[in-house]
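Chain naming follows the written order as A, B, C and D, and within any one chain the residues start at number 1.
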Amino acid sequence: MGIAAIGKRRWAIAEGYLPAGPAGASRELSSHETACILNAGERDAHVEITLLFADREPAGPYRVTVGARRTLHLRFNELHDPEPVPVGTDYASVFESDEPVVVQHTRLDSRQAALALLSTLAYGAE
Amino acid sequence: MGIAAIGKRRWAIAEGYLPAGPAGASRELSSHETACILNAGERDAHVEITLLFADREPAGPYRVTVGARRTLHLRFNELHDPEPVPVGTDYASVFESDEPVVVQHTRLDSRQAALALLSTLAYGAE
Amino acid sequence: MGIAAIGKRRWAIAEGYLPAGPAGASRELSSHETACILNAGERDAHVEITLLFADREPAGPYRVTVGARRTLHLRFNELHDPEPVPVGTDYASVFESDEPVVVQHTRLDSRQAALALLSTLAYGAE
Amino acid sequence: MGIAAIGKRRWAIAEGYLPAGPAGASRELSSHETACILNAGERDAHVEITLLFADREPAGPYRVTVGARRTLHLRFNELHDPEPVPVGTDYASVFESDEPVVVQHTRLDSRQAALALLSTLAYGAE
């Protein structure tokens, strides 16, 4: 596949929130918040994620690797090292990668009967 | 945390609307419209917000401070000075900060039984 | 209000669709698709809108004026001149303004019991 | 129609997911994921789409043509050559066009009773 790398090395998501409360019928439909990271290039991307909060010091960095020509749909509630992401708390996130990537933010919320989804491109800066 | 400032100093959200009508079961699930402001830098950001309308002069500026390495999830219906944000009225908003920030726009709507959420990055300009 | 103009003069929304079918309980909750146009500057913005389709020539231009320091939340189903926007048909839209503006795309869909909302910033180019 | 080309030649959507499960009441309301591609220019745009996954090599390229001054609302589940898009699997997509286009990503999800919609501009790079 001759596609070239695309994207930027720094991204920010200003909106973040992990709902507390009961889980959905399955992992697929459970409430979750995801950062989709696309690495279209020929080299693995090493990404450091820092979480920022309203009233405490930032958490992190969390480290993930997105393989060359791969995409990673990262669930924030599966980040545990150096500490879990708190539920019921507003947060924001900053992504710093050693290769160009594209970051998109998506949420599924199953607290009420109806499924709600949102998605938006993160803010990218070189 | 060695992360650097990210973002821009001027942002605009063209779409804004605070629904009137009954509140939800809790503050968390009540209808609201939020501007999430992320300040990843080392200095506090002083942000002035101006609201624009269809058929009257703009309101504001409203002033908020987002601490260094902090995020503020600002609910428009909690802005009261110099005047409350009117409900049931279309508006838009412009953000002017003395430090780089990232602004994302999110709405929760509980007027009907199902929860609806939308979110989108604001338009950023230096 | 000392805010300056913000935005770009050309915008595009690639996704557009006016659902057919029964209206909602009120104008406020009826299905609609909106282009929110913000003009934060000191001069009126004259905007020409062209609609593009899958299998016919474009329609328009439709002309609207957004006053200085005003926002216009334009419903596509209220565009009638030179022709109404067809329902049940995919379309896209291009906005050309003589002043910088910001364009955001929002849809309310009341075809089913639950309210669905989406919103995203349009693509802006100078 | 004197409108000029608008957009970029390379686009990426980091988030992609085709739900498995029962279809909706009609094609219009069935779960689907769409890439809306707008070509406002005077020449046909030839677009190559590559899909990237979490744990296998990319698929594609899929080839589509978007006519001059036309828009194409492409459903991913209607891509079959060189292979169908797998359901229940995270993916991402990269678009490479020989003319400037605008790409927007939209999803309708009818797995549960309520209709959920999301839409966001893709990431564009020259």
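As a working rule, contacts are C-beta pairs under 8 Å (C-beta built on N, C-alpha and C of every residue); 3 or more make two chains touch, one makes a residue touch a chain.
Keep in mind the model is a prediction, meaning the values are calculated, not measured.
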| item | value |
| --- | --- |
| Furthest chain, CA centroid comparison against subunit D | B |
| Chain copies touching (subunit A, subunit D) - same or different residues, decided at half shared | different |
| For subunit B placed onto subunit C, the superposition rotation in degrees, Cα atoms, nearest 5 | 90 |
| Mean-CA-position distance for subunit D and subunit C (Å) | 21 |
| Between subunit A and subunit C, centroid-to-centroid distance (C-alpha), Å | 30 |
| Where subunit B touches two or more other chains at once, by residue number | 113-114, 116-121 |
| Contact set on subunit C toward subunit B in their complex | 1, 3, 6-7, 28-29, 34, 36-40, 69-73, 102-104, 106, 113-121, 124 |
| Subunit C contact footprint on subunit B (complex, rising order) | 10, 12-17, 50, 52-55, 57-58, 60-61, 88, 90-92, 94, 96, 105, 107, 109, 111-114, 116-123, 125 |
